[in-house]
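Just dropping this structure here.
In this document, chain identifiers A, B, C and D correspond to the written order of the chains, with residue numbering beginning at 1 in each.
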Amino acid sequence: MDDVLTIAGEDFASRLLLGTGGVPSLEVLEKAIVGSATQLVTIALRRVEASAGTPLLEVVERSKVKLLPNTAGCMTAREAVLTAKLAREAFETDWVKLEVIGDEHTLLPDPVELLDAAERLVADGFTVLPYTNDDPITARRLADIGCAAVMPLGSPIGSGLGIRNPHNISLIREAVQVPVILDAGVGTASDAALAMELGCDAVLLASAVTRARDPELMAIAMRDAIRAGRAAYRAGRIPRRWHAEASTQIAGFPEL
Amino acid sequence: MDDVLTIAGEDFASRLLLGTGGVPSLEVLEKAIVGSATQLVTIALRRVEASAGTPLLEVVERSKVKLLPNTAGCMTAREAVLTAKLAREAFETDWVKLEVIGDEHTLLPDPVELLDAAERLVADGFTVLPYTNDDPITARRLADIGCAAVMPLGSPIGSGLGIRNPHNISLIREAVQVPVILDAGVGTASDAALAMELGCDAVLLASAVTRARDPELMAIAMRDAIRAGRAAYRAGRIPRRWHAEASTQIAGFPEL
Amino acid sequence: MDDVLTIAGEDFASRLLLGTGGVPSLEVLEKAIVGSATQLVTIALRRVEASAGTPLLEVVERSKVKLLPNTAGCMTAREAVLTAKLAREAFETDWVKLEVIGDEHTLLPDPVELLDAAERLVADGFTVLPYTNDDPITARRLADIGCAAVMPLGSPIGSGLGIRNPHNISLIREAVQVPVILDAGVGTASDAALAMELGCDAVLLASAVTRARDPELMAIAMRDAIRAGRAAYRAGRIPRRWHAEASTQIAGFPEL
Amino acid sequence: MDDVLTIAGEDFASRLLLGTGGVPSLEVLEKAIVGSATQLVTIALRRVEASAGTPLLEVVERSKVKLLPNTAGCMTAREAVLTAKLAREAFETDWVKLEVIGDEHTLLPDPVELLDAAERLVADGFTVLPYTNDDPITARRLADIGCAAVMPLGSPIGSGLGIRNPHNISLIREAVQVPVILDAGVGTASDAALAMELGCDAVLLASAVTRARDPELMAIAMRDAIRAGRAAYRAGRIPRRWHAEASTQIAGFPEL
């Protein structure tokens, strides 16, 4: 396999990470996992606790995917660190998708609390994948702290607004060496393809699949879109041109 | 097979049409055909004549794809009709991709000459697939004349500017019953996926593949992107929302 | 005055043309005329007839603006030519804003009937300002026929969607020598400014003003926006740059 | 005057703040100040020191505008606080435009150092106007700390890329009570108008004016564009509609 995604030394053939938020049933989850060909599924500790946990976990385990606990719902570094530690106990993994939200209205990450939590968790031996806004400076700080990847948003969680600021995603790609995983905002297949064309290493999706009219078919669509976007990125797209035949090139970066 | 493309009564499993403009060698063409999984390849009569024709045709025939002659380079209805007739003789098919260009600078179609040529060719028994601008009224006129499909542009040929006016493509999708095939302007995979999400039935590509740094890999990218966009269209995307959790929906159509 | 708009030999200090569609009262119309500082107001013959005409005309005459009759509502060349002739009688002007609509749903112009009507009216001595789609080839044909200006749409009448395809407006600006007047689609001030930055010579507005919450204030906003956009166009904007300090320029045309 | 801008209890008739970066000569600066009708001009302490200061300051003082010292070039909170204090001494004002940059390549603000510096300066009695990224959570934190306004970027300084993420600017407008002043990224008049339509209270410009081909004319353009955008915001724009006559509205916020 010639184009694997490597996070913290671990290889993945799939570049699609699946969230479980909004999933209407375990049956749908299982179909979404299979359809998307994901190898990394993120689950909120709270959700597992709330649902007694067992059946949801069983689905994930049966699917042979790696479990990535997240700290969804936390609003302070303290709370997020505590949740991460509980998740480490519960799931026997030191990987964590770190979410620290600043606002229940927009669910946007709070950069101050996020950086604080990331620093503490890295120091405590966690493999930290932080959900962050699309600010290149914050992303670089997260990478400098020792995070295993950075996960900038395209737009607010569940909004389906796609990638609002492709320019920033490109600047993040330039600014860090760790994998860049687009997280939040993807609404449809072309959004996911665009993320990959901008140089992202992977895409995390949840409600775009779980809340689609046909989640299984949308999972397949996302699988193909991410493969397509990755291949297009590697294949080297044609430049944009102002006229059909003009020799002057228009800016060669994806979708300003 | 549950989701075939039907044009003039003929079924195709692939929704990708491949153009041969800009192809650097026959070897690359063959790889692009295989990689894209296309079943319909368009060739300019002029190009075939210019290159003595035989080797290019051999590649197409060996690939078992259907040949779709085009009238590229024609600037009047008269010239296009004549070219179509010569192509019918040469290739033994009454299918024709009708191109009548208004301008060598932009290569944009001339709606007046195009409608005139389309009318004459339909009357003469051709199966006409016209390359047109993205005007919904012109598209409806072409469908009313009896064209087998309409092929609106996303942006000028070879520009790689993607779909400049998604609104118009959606309006065309509403305005006609025949297949809508996006033709011209696709630069990368997400453009092709978006075309399908807007309701197009297929996408025609040439230079996006033939002029990519790695044409074979880009052909694969386009194959997957078109499948992804089609699946996303059928799966029913989530609505756009202004806030992460707001109940008010943002307009539910793709990409304003 | 160093920057006048000249149409068919006549000079205008204002680059804002005002439509009367959607106007809720004569009082509002008068305020909109004064606020916008327009010198050219377009009125549908049908509307004048329907409202017995006199009061609407009185307002226009009192304002000392030039009256530009239009053929709104016509769907064939024949109907539009007849309407233009009746308007010439009624208003004693050979200027006409030519509208030939292809569809009551989108109100998009029908290029075939439009070109036919334009040709006949020019031959009959009219000063023809045709409302057209944003296709550069059709615009050039209208100019070649002898139209005094071309009036491409930004988006459908009354949609408020702004300029959907700035690329095409720029291509029209390159393609013709006569004034280019953006007509239809403007929703707010920045849309009007953008039209001027793209090189348009003037902007026609109706419902953006007449249907705004405060029509008089919006008329003032549009007056200032059009002046601003024109000044910016003449002042020569800075190029777009990918990085804050990078020397490489991003495409120097307005808003792709 | 019925629509003044109030910052920290002080009223301004003009909603345009002018930066002096990139200004080619004092003569041009003076013309830009007059043309733009600005009442608030920002100057880097470093620049004043470097140029011996006197002539630049004389121009500003002669223009009767308020001087707003800035901390351009600072990369840490410590450095910015020190610079602010020196500026307070030098210019006898406790107003400061706070800039703490994370990167010389993009000149993007560093949210961590910025928040730290803002907190210290507010505690020390400064009236702080911080240049920040477009993250709504960071903006709210700055307002909560006691900043007198927030100054989110549209895009990187000097890039001329306009407002890359209008959605975020709208979210910031919802999130804070203090004035929102768009700072950085404006390239042309329509960008400035859009900022105001999104609900910004003012716009700060520098290189869009100082580096335009005709700085004086561009200053006038910006003055009019900001007035136009403000008036349009207050006048209440028409909703966006999918079809010309359809009753269904498209999302009523400016430019997604």
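We take it that a residue touches a chain if its C-beta (ideal position, glycine included) is under 8 Å from a C-beta of that chain, and two chains touch if they have at least 3 such contacts.
Since this is a predicted model, take the numbers as computed values, not measurements.
Novice: Same or different for chain A and chain D, where same means more than half of the interface numbers show up on both copies?
Specialist: same
Novice: Compared with chain D, which chain's mean CA position is the farthest off?
Specialist: It is B.
Novice: Go ahead and note the Å separation of the Cα centroids belonging to chain A and chain D.
Specialist: That pair's centroid distance is 33 Å.
Novice: Determine the centre-to-centre distance between chain B and chain D, using the mean Cα coordinates as centres, and give it in whole Å.
Specialist: 47
Novice: Touching two or more other chains, which residues of chain C qualify?
Specialist: Counting only residues that touch two or more other chains, chain C contributes 106, 108, 161, 167, 240, 242, 250, 256.
Novice: Per the contact definition, I'd like the list of chain B residues that touch chain C in the complex.
Specialist: 102-103, 106, 108-112, 115, 133, 135-138, 140-141, 155, 161, 164-165, 167-168, 171, 175, 256
Novice: Per the contact definition, I'd like the list of chain B residues that touch chain A in the complex.
Specialist: Interface residues on the chain B side: 104-108, 156-162, 187-194, 197, 207-208, 211-215, 217-218, 220-225, 227-232, 234-246, 250, 254-255.
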